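Going in written order, the chains are labelled A, B and C, and every chain counts its residues from 1.
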C-alpha cells in the first residue's frame, strides 16, 4: 500500500470552553484523499475537534485552543486569513442548512464570496458542484426556485455541493446524515466514497456502521481524549485499547 | 354549589370583558361610517377622493381631499426612504454587529425613543428642523418658511425609527445561527454573512417592520401638524420644499372651528374614514406578511 | 488590541463599507436622540422655576400645575376603565377560551385593529360618540374613555404575554390541589404574572401621558384645575402643544417639555425595572 501524504498535522491540541476542557492533548496526522472518521459517545470531543480544523470554534465565546494544527505545513492558528482557510476547508453540518434563496444562489454564494462574478463562470461552477454532489439531475430544472423546497436529503446534498463550489481540499462533515432517513443516508454515503477521489474527507459520526462502511481511518474519542487512531479495519476488528473494544461492542455510548 | 356558581359568574364576566374590544371596533366603525359615508355620498365619491380643491367655507364649498391623500403618501414615502434603511442598519447593528456593552446602552435608548411623545418630536421639529431647512434651502427654493414636506418627512423618518428597529431586530435575531455558520464555513466574512445571508433570511420580518413603520407615519398627527405647513394645495412629489396637508392634519386643523352638523363636519369625518381604511389595508398587509412568515419562515 | 487591529486591516473594501454603514447608522440614531433630549433639556432646564408649579395658570404665569394634576387624574381614570377590561380579556383568552375558536380569532383581530388605529381617529370617534352622541361634551370623562379604548390593546397584549409565560406546571399544581379555575387564576396565576402585567400598565401610562391627538377634541383646552369629571381640561402633553403652537411663551414651552420628558423617561425606566424583576423571578 502506498503511503499517502499527510494533510493535517495536529500536535498537542488542548481546548477549553471557559473552564471546561473539551479536548486533551490530541495529536494526529490526517492523510490526504482518505476518509477519516471520528467516533465516540456524545460529548467526547469529536465535534469540537472537527470544528477546530476550519476554526469554526472561533465563533464560540470563551473557547481557547493551545497546540498547533498544520494544514499543508501552515499553522492555521497563526497569522493567516481565516476566510481563505475556510475556502480551502469546506464544511457540511449536522442539520442541512441551505440558505433561504434559490438553488443556484446557494451554490454561487461561495464563489461569489471569493470574487467570481462572471455569469458564465458561475454557471459552470454551479453545474460542476451539483454534479459532484450527485444532485444535478434532480435540481437542474429548478435551479432558480427556492432551495427550501427540496427534501431533507436533497438539501444536505445541496449543502455538500455548496461546499464543493469553492473547490476546497478538505471536506469536514459533522454528522451529516444524523437528520436524514436511511435512503438519503445511503445516497450520501455513496457520494462520500466518490468524493475521496478528489478531496480529503473528515467525518464525525456516531453511527459505527457508517464509519466501517465508508472510512479508511478511524479515531475513537472519549472524554476529550483520543483513545485510539488507526485503520478502520483494525479499529473495528482488533482494537488495541480495552475502552475502544467496549465502545464498539456497544457496552456504552 | 356556591363555588360553582361563582365560577360560572366570573367566567361570564371575563367573557363579557373580552367582548369590549369587539364592541369598541364596532362602535368606531359604526359612528365614523354613519356620519362619514353620507357626507361622501353628498359630495360624490369621485369629487371627494379625486377633488383637487378643498374650499370648505366658501359659498359653493369644495371638498376634494386628493391633496391630503397625496400629502400623506408623499410624507410617508419620504419618511420610509429616510427612516427604513437607517432603521434596518441599526437593527442589523444591534442584532449582529455591536459589542455587548454598546447593546446594553443602545437597547434602552431605542425604547426611550419609542416613548417620546409626538408633541415633543413636533416641538423639536418646529424649533430645530424647520429653521434649519429654511436656512439651508430657503433662499434657493423661494420658501416662505421651513415648514415643508421635507421637514415632515425627516421628522417622521426619525419617529418611525424605534418601531422599525425593534421589529427588525427581533426578526434578524430569530434567523437560525446555522445559516450564519453555513456562510462563515464557506469563507464569507462576518459582514458578508450578515448582509447576504442573515438579512435576506429575515426578509419577511423586515417587511413587517416597514409596514408597521408606514402605519405609524401615516397616522401621525401632531408632529406633522407642527412642521408640515398645512397648505391644502395639490403638490407634486418633487415639491419637497413646499408645505402640505395630510389626512390627519386636515382633521386636526379644522375640527377646532367646524360647524356641527354641516357638510364640512361630515367631510372631516369622512377624511377620518379614508384614513381608517388606509390603516385597515396596512393591517391586512401586515397580517398577510406575518402569515407568510409563519408558513414559510421556519422551514 | 493587536488582534483587533489585525482583523480590521484584513477587511475587504465591501466589508469596510458594511461595517461603517451599520456603525454610522447606530451612531446617527443615538446622536439624534441625544440631540433632541439635550436640546430640550438645555433650553428648558433654566426656565424651570417654582412659579411653574403655582396653583393656577394666568397669562402672566404659565403654570403647568393644573395640567400636571389633570394628567394624573386622566392616568388614574383611564386605567380604572381600561385595566379591568384589558386584564379580564387576557384572562379569558389565555385561561378560559379554547385556543383558535372563532370568538378568540375575532377578539384577536379586533385588538389588532384597535392597536393600528391612529390616535386622531380615536379623537374623532371620541368626539362624535362620547362628547356628542352620549352628550358628555368635552370633558375629562370623554377623554378618559377615548384613551381607555386606545390603550386597551396594549394592556390585553402585555397581560396575555405575561399569562402565557407562567409555566403550565403552576396551573396543574393548583388544579391538582383541588382548586377551581377561578381560584387558580386569582391565587396562583395573577400573582405570578403581576409584575409583567404591571410593566404593561406602566407602558400604557406612558401612552396616556404622551397623547395629544386623541385628547384635543375630547377634553378641550381649558387650563384650570378640574372641578369634576365633566370639566374640560388640558394634560401636560396638550399644554406643551398649546404653548408650542401659540409661540408666545417659548421658555415656558421648553420648561414644560422638559417636565413631560422627565415624566415619560421616569415611566420608561420604571417599566424596564419591573419587567426585569419579572423575568428574573420566572427564572
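Some observations on this one:
By definition in this document, a contact is a pair of C-beta atoms (placed from the backbone, for glycine too) under 8 Å apart; a residue touches a chain by one contact, two chains touch by 3 or more.
Nothing here was measured: the structure is a model prediction, and the numbers come from that model.
Farthest from subunit B in terms of Cα centroid separation is A. A comparison of C-alpha centroids places B closest to the centre of the full protein.
Taking each chain's centre as the mean of its C-alpha atoms, subunit B lies 17 Å from subunit C. Between subunit A and subunit B, the centres computed from C-alpha atoms are 49 Å apart.
With centres set at the average Cα position, the gap from subunit A to subunit C is 53 Å.
Contact with two or more other chains is made by no residue of subunit A.
Touching two or more other chains at once are residues 189, 192 of subunit B. Looking at subunit C, no residue sits in touch with two or more other chains.
Listing the residues of subunit B that touch subunit A in their complex gives 176, 178-179, 181-189, 192, 196-197, 200-201, 203, 296, 299.
Chain contact summary for the complex, subunit A toward subunit B: residues 54, 56, 59, 83-87, 90-91, 93, 95, 97-101, 109-110, 113-114, 148, 159, 162-163, 166. Within the complex, the subunit B residues that touch subunit C are 3, 6-7, 10-11, 13-15, 17-22, 24-25, 27-28, 31-32, 35, 85-86, 89-90, 92-94, 97-98, 102, 106, 108-113, 115-124, 126-128, 158, 161, 165, 189-192, 194-195, 215, 218-222, 226, 248, 251-252, 255, 260, 268-269, 272, 275-276, 279-280, 282-283, 286-287.
Interface residues of subunit C, counted against subunit B in their complex, comprise 11-12, 14-15, 18-19, 21-26, 28-30, 32-33, 35-36, 39-40, 43, 84-85, 88-89, 91-93, 95-97, 103, 106-107, 110-114, 116-125, 127-129, 132-133, 149, 152-153, 156, 180-182, 206, 209-213, 216-217, 237-238, 240-241, 244-245, 250, 253, 257, 260-261, 264-265, 267-268, 272.
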